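Following this line, the structures themselves.
Common to both upcoming complexes is chain A, partnered first by chain B, then by chain C.
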Partner chain A sequence: MTISFRSPLGFVLLLLAVLAFGYLLLPILVVVAAPLGDTGYLAFPPRGLTFKWYAAALHDTRYLSALAVSLRIALTSALIACTIGVAAAYGLTRFSFPGRRLLEAIFLSPLILPTLVLAVGLTLFFTRTGLLVGSWKLVAAHVIVCTPYVLRVSLPVLRRFDRSLEEAARNLGASPVMAFFLVVLPVVRPGIVAGTVLAFITSFDEVVLALFLAEPGAPTLPVMIYSAVQLGFEPSVAAVSGLLVLATLGLMILYHLLGTFGGRRN
Partner chain B sequence: MDIQLQNLRKTYGSAVAVADMSAKIPQGRMLALLGPSGCGKTTTLRMVAGFIAPTSGSIRVGATDITTLPAHKRDTGLVFQSYALFPHLSAAENIAFGLRRRGVARAEREQRVTAMLDKLKLSGLADRLPRQLSGGQQQRVAVARALVINPSILLLDEPFSNLDAKLRESTGLEMSRLQREFGLTSIFVTHDQTEAMSIADTIAVMKDGELQQIGSASEIYERPANRFVADFIGRANFLAGRILRREGQDAVAELAAGLEMRLLDPGAAALPGAQGEALLRPEAIALADHASPGSFKATVEQISYQGAIANLHARLADGSAIVASVPPEDARGLAPGKLVGLAPKPAALIWFAKS
Partner chain C sequence: MTKPETKGGGARWALFAPALLFAPCAFVYAVFFIWPQASLLAISATDAAGLTLAHYQRFAGDSYYWEILGRTLGLGAAVTAITLVLGVPTAYLLARVQSRWAGFLLLLTTFPLLVSAVVRSFGWMVLFFRDGLLSHGLMALGFADKPVQTMYTMAGVIIALAQVLLPLMILTLHGVFKSIDRDLEYAAMSLGARPIVALGLVTLRLASGGIVAGSLLVFSLAISAFATPSLVGGARANVMATAIYEQAIELLDWPFAAALATILLVTVLALSLAYGALLEGRGEREAAR
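On to the complex of A and B.
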């Protein structure tokens, strides 16, 4: 159904859409624009124009090392979550066994479990057992919350996957493992990439688990921003957030390009 | 190489998908597995391809028993009903897939792929992705992909069912030509009897997992083993009747309430008093005067001209419907309501005892 924007209903819909997007996007504009002001405190609309807060943010080694920690943890978590999530999704869609629905529900349950509960539980668990050390504690925690995102996106993609493609690969001489890597994976790759990007963003953005489980000397970027905001809201914090917004925008564009052109060839 | 299916059986719990299927396909010949959906033909094919493990029985290719060999180690080329082309690979890469798995060196691979593209009139389309190809082109890529590996067995799973009628016939003949040229032993699954008759050397008719009859197209058409086969292959009239008396090998029956007809060699079970049905093919009926002896009296209900023949739909005295295919010039001057005589040609009646 198409509704013309010239009709009264269409106009109302357009107005609502503009308002909704404005409501959602305006705070982001504030975050990006406010540090451009030359006031020494955050003001919007910014007065004067300076890049010094952005420059300060880019030269602040605390933020840079926190960014490095966040990137490392998000990347590791996303890759592990991708591996576990895709393997689980493949097993859940390909084989039928008793308890399959239950297993699927368990895999997806971290989505509805309050993060705080998980954080407290894991802190106690790691303290008691000493099972993992250093940043691996946080990686493990993030894998738990990120895997459902990969699974959520991979399950429908693998369910829709035409099994005769896999059979064709085997018929032509590929072992089941080869068939998976040469045919199944490339065909469902857009879905898996989407899930992994989601997992990466979730981990990168996560603050509760990071507060509890990050190494004392190596906070993640969200934790760093969180403490900076608590200490005093200086414009460089907003500049860091502004940079993150721009980086995310870049990532989205990159993902879009990968999704459009990357899906064509292996 | 020749293929031998021996007492092949597949059950799912108490459901029998294929029951004791046996067939032998000599080197270079094509067997069609023909039957309605759910008859077990696709299950049989998938057992040969190695996607389904038989419950019992064996599959031999040449002297080798391949019953338990995993699918990727069987030397079979399968053309899927959906074509199953790899959507992320170009036509040429799709065709090269099997050669890569066999470790064929790059130069030879490229040369064989090019030759196959040429043979299937696909040159110029080598770099297209499957979704950029028409249905007929996709079908040819699927065939090329199966043929290029030079398999010892070619398997075809309803490969023409997604093509339109005109393309289907020419593609079928082309497929048959290629199969002969490559000397491939083939199994071909179809529910279309015309397709099976036009390209297969041998036809196995299946129903509910059971093999009904196996033989050449003419054997199956002219001497169907049972009523199902007679009905499934071609058009058939069945006339209810009763055996009156034996005359040596032959018998005389009363058919369609009233007419005495001689049945040639109806089998030992056709004893006087036995009930059954006689098969009469529409083209084995000649038009006669309604009073002439040895012909069924029938009332014309409809005449449909088909060009080469005319189909005469008529009703017999006992109320049963009958179709006769006659030369159009014979049907000229007939109109619904007219009384005609329908005379079975000699040896046209085949008796099936009531089971």
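On to the complex of A and C.
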């Protein structure tokens, strides 16, 4: 360390960092812990200990079907975003042509667009044109917000890729398509997987577009939680949110472990 | 960038491949992004009689909406300030810690980002109610003599939204501090600078471009956030995003909602251009070195 923790400056820095982590984790801890209380209303710290709210959440068909809707939409959006995003990223890094930077900027621009603005525009658009039905409206919207994440992760990976490997494959007689799938893709796969996971999470957590565009009878999980929280503080909503947090934590640890093992293998 | 190869069948491939690769993405963007956003602009500037600025004039002539815009910008400034105060030290320590802890702490920073903003705002709501931990804590510490209601106040929105955006500030600044050679700090200190002076004159100065870029990012996300202001603030802490939602969904005044959305969009675009220019400038300075 440049700065010792024992010096006054180091101590202040450390104190602020500890505060920051406490601040980051506090509301998440609340959501996980509050439904453990058996007071019948949400309180933190919880009083008493019961698992009945968590058990009830696991059997609540409304939330389970919302979860199914969310998973389906997130999976569809992430796969579409991955396909069109990786194709575009490969084109952007492989070929040089006038307007390439502009095209890249346009493809990335939904990142800076407020999702609410996108939601208003798309709702009006779908109402007027009658294009797309059912959950496809939301999928289209999520593809727009997810594709930039795929691009942002896969562009640097593809730029770093050693082009001579691809040329070697071509010299040995591989077609451009074969060279891409047999040589380029295996090398850049971790980046593409990371981008797709990011796209999946973005779609799964997204609430604004879903509020505007989800089918009235089939809300996504964030919309269900949003509406339930607005109506009142049932412990069951907190239990659903808590389960979501725990599942996210579990998946993150799993992904990290897989990544670590993958890294060692290489 | 090297030119695509042109030998053999490569010429045809070089001509058609880019078009084929870009076509799906360009098609999806044209139909579901550019077309809807362009018609949003058109709707905000038309009425039954044709082109009009009436919706914008309604905004300009009503102090209620100026108040909302002011509140939104104030929210952005307050959230940016909090994320800076907590984010700069945290990112700096994360970038300088040399142990297995660094990776774990980075994961701990990323984790809240993976939890939906709705869920995180919900956690704050439990703490904010008159009977919640915050109220009891303030009373126990002697800052308040009666229960405090933080729910449905701007203060509550600021606290909750700063938590939602803090990971982005830390991750942005972490990259910036990582790229600053720590030998420069050692050099300053070996020339006699006290640690705090070395930090201020060397590290913070070198990181200033990144700090401004991170601030602009957090600021533009804060002024366009919807879920947190709507849940924690409710109707009593109206910001641009909630006003747009109200006009569109509750009052069904889509042209006015479109005008408000355009005003928000222009603000965010202006900030993003500044952000891009700053990042670009930093890159050029670094390349020149």
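In this text, the second predicted complex is superposed on the first by the 245 of 266 C-alpha atoms of A that agree within 3 Å, B and C clash if a C-alpha of one lies under 4 Å from a C-alpha of the other, contacts with A are read in each partner's own complex, and residues count from 1 in each chain.
Keep in mind that, in the parts below, a contact is a pair of C-beta atoms (placed from the backbone, for glycine too) under 8 Å apart; a residue touches a chain by one contact, two chains touch by 3 or more.
None of the values given here were measured: they were computed from a predicted structure.
Participant: Applying the document's definition of touch, where does A:P114 land relative to chain B and chain C: first, second, both, or neither?
Facilitator: Second partner only.
Participant: Between chain B and chain C, which makes contact with more of the residues in chain A?
Facilitator: C
Participant: Considering only the touch criterion stated at the top, classify A:T147 as touching first (chain B), second (chain C), both, or neither.
Facilitator: Only chain C; A:T147 stays clear of chain B.
Participant: Kindly classify A:S164 by the partners it touches after superposition: chain B alone (first), chain C alone (second), both, or neither?
Facilitator: It touches chain B, and chain C stays clear.
Participant: In the overlay, answer first, second, both or neither for which of chain B and chain C A:Y23 touches.
Facilitator: second
Participant: Is A:M178 touching the first partner chain B, the second partner chain C, both, or neither of them?
Facilitator: first
Participant: Would you sort A:P186 into first (chain B), second (chain C), both or neither based on which partner it touches?
Facilitator: A:P186 sits against chain B, while chain C stays out of touch.
Participant: Name the contact category of A:L14: first (chain B only), second (chain C only), both, or neither.
Facilitator: second
Participant: Applying the document's definition of touch, where does A:Y90 land relative to chain B and chain C: first, second, both, or neither?
Facilitator: Only chain C is touched by A:Y90; chain B is not.
Participant: Intersection of chain A residues contacting chain B with those contacting chain C?
Facilitator: In the superposed arrangement, which is not itself an observed complex, chain A uses residues 167, 170, 176 for both chain B and chain C.
Participant: With touch defined as at the start, can you tell me which chain A residues reach chain C in the complex?
Facilitator: Result: residues 1-3, 7, 9-10, 12-14, 16-17, 19-21, 23-31, 34, 42-45, 80, 83-85, 87-88, 90-91, 94-97, 100, 103, 106-107, 110, 112-118, 120-125, 128, 131, 140-141, 143-144, 147, 163, 167, 170, 176, 201, 204-205, 207-208, 211-212, 222, 225-226, 229-230, 233, 237-238, 241, 244-245, 248-249, 252, 256 of chain A touch chain C.
Participant: Which bits of chain A are touching chain B when the two form their complex?
Facilitator: 162, 164-165, 167-176, 178-179, 182-183, 186-187, 263-266
Participant: If we count contacts the way the header does, which residues on chain C are in touch with chain A in the complex?
Facilitator: It is residues 1-5, 13-14, 17-18, 21-22, 24-26, 28-29, 31-33, 35-37, 39-40, 43, 85-87, 89-90, 92-94, 96-98, 105, 107-112, 114-127, 129, 131-133, 160, 163, 166-167, 170, 182, 185-186, 189, 195-196, 198-199, 220, 224, 226-227, 231, 241, 244-245, 248-249, 254, 257-258, 261-262, 264-265, 268-269, 272 of chain C that touch chain A.
Participant: If you look only at chain B, which of its residues touch chain A in the complex?
Facilitator: The touching residues are 49-51, 70-74, 76-78, 80, 82, 84-89, 97-98, 101-102, 129, 145-146, 149.
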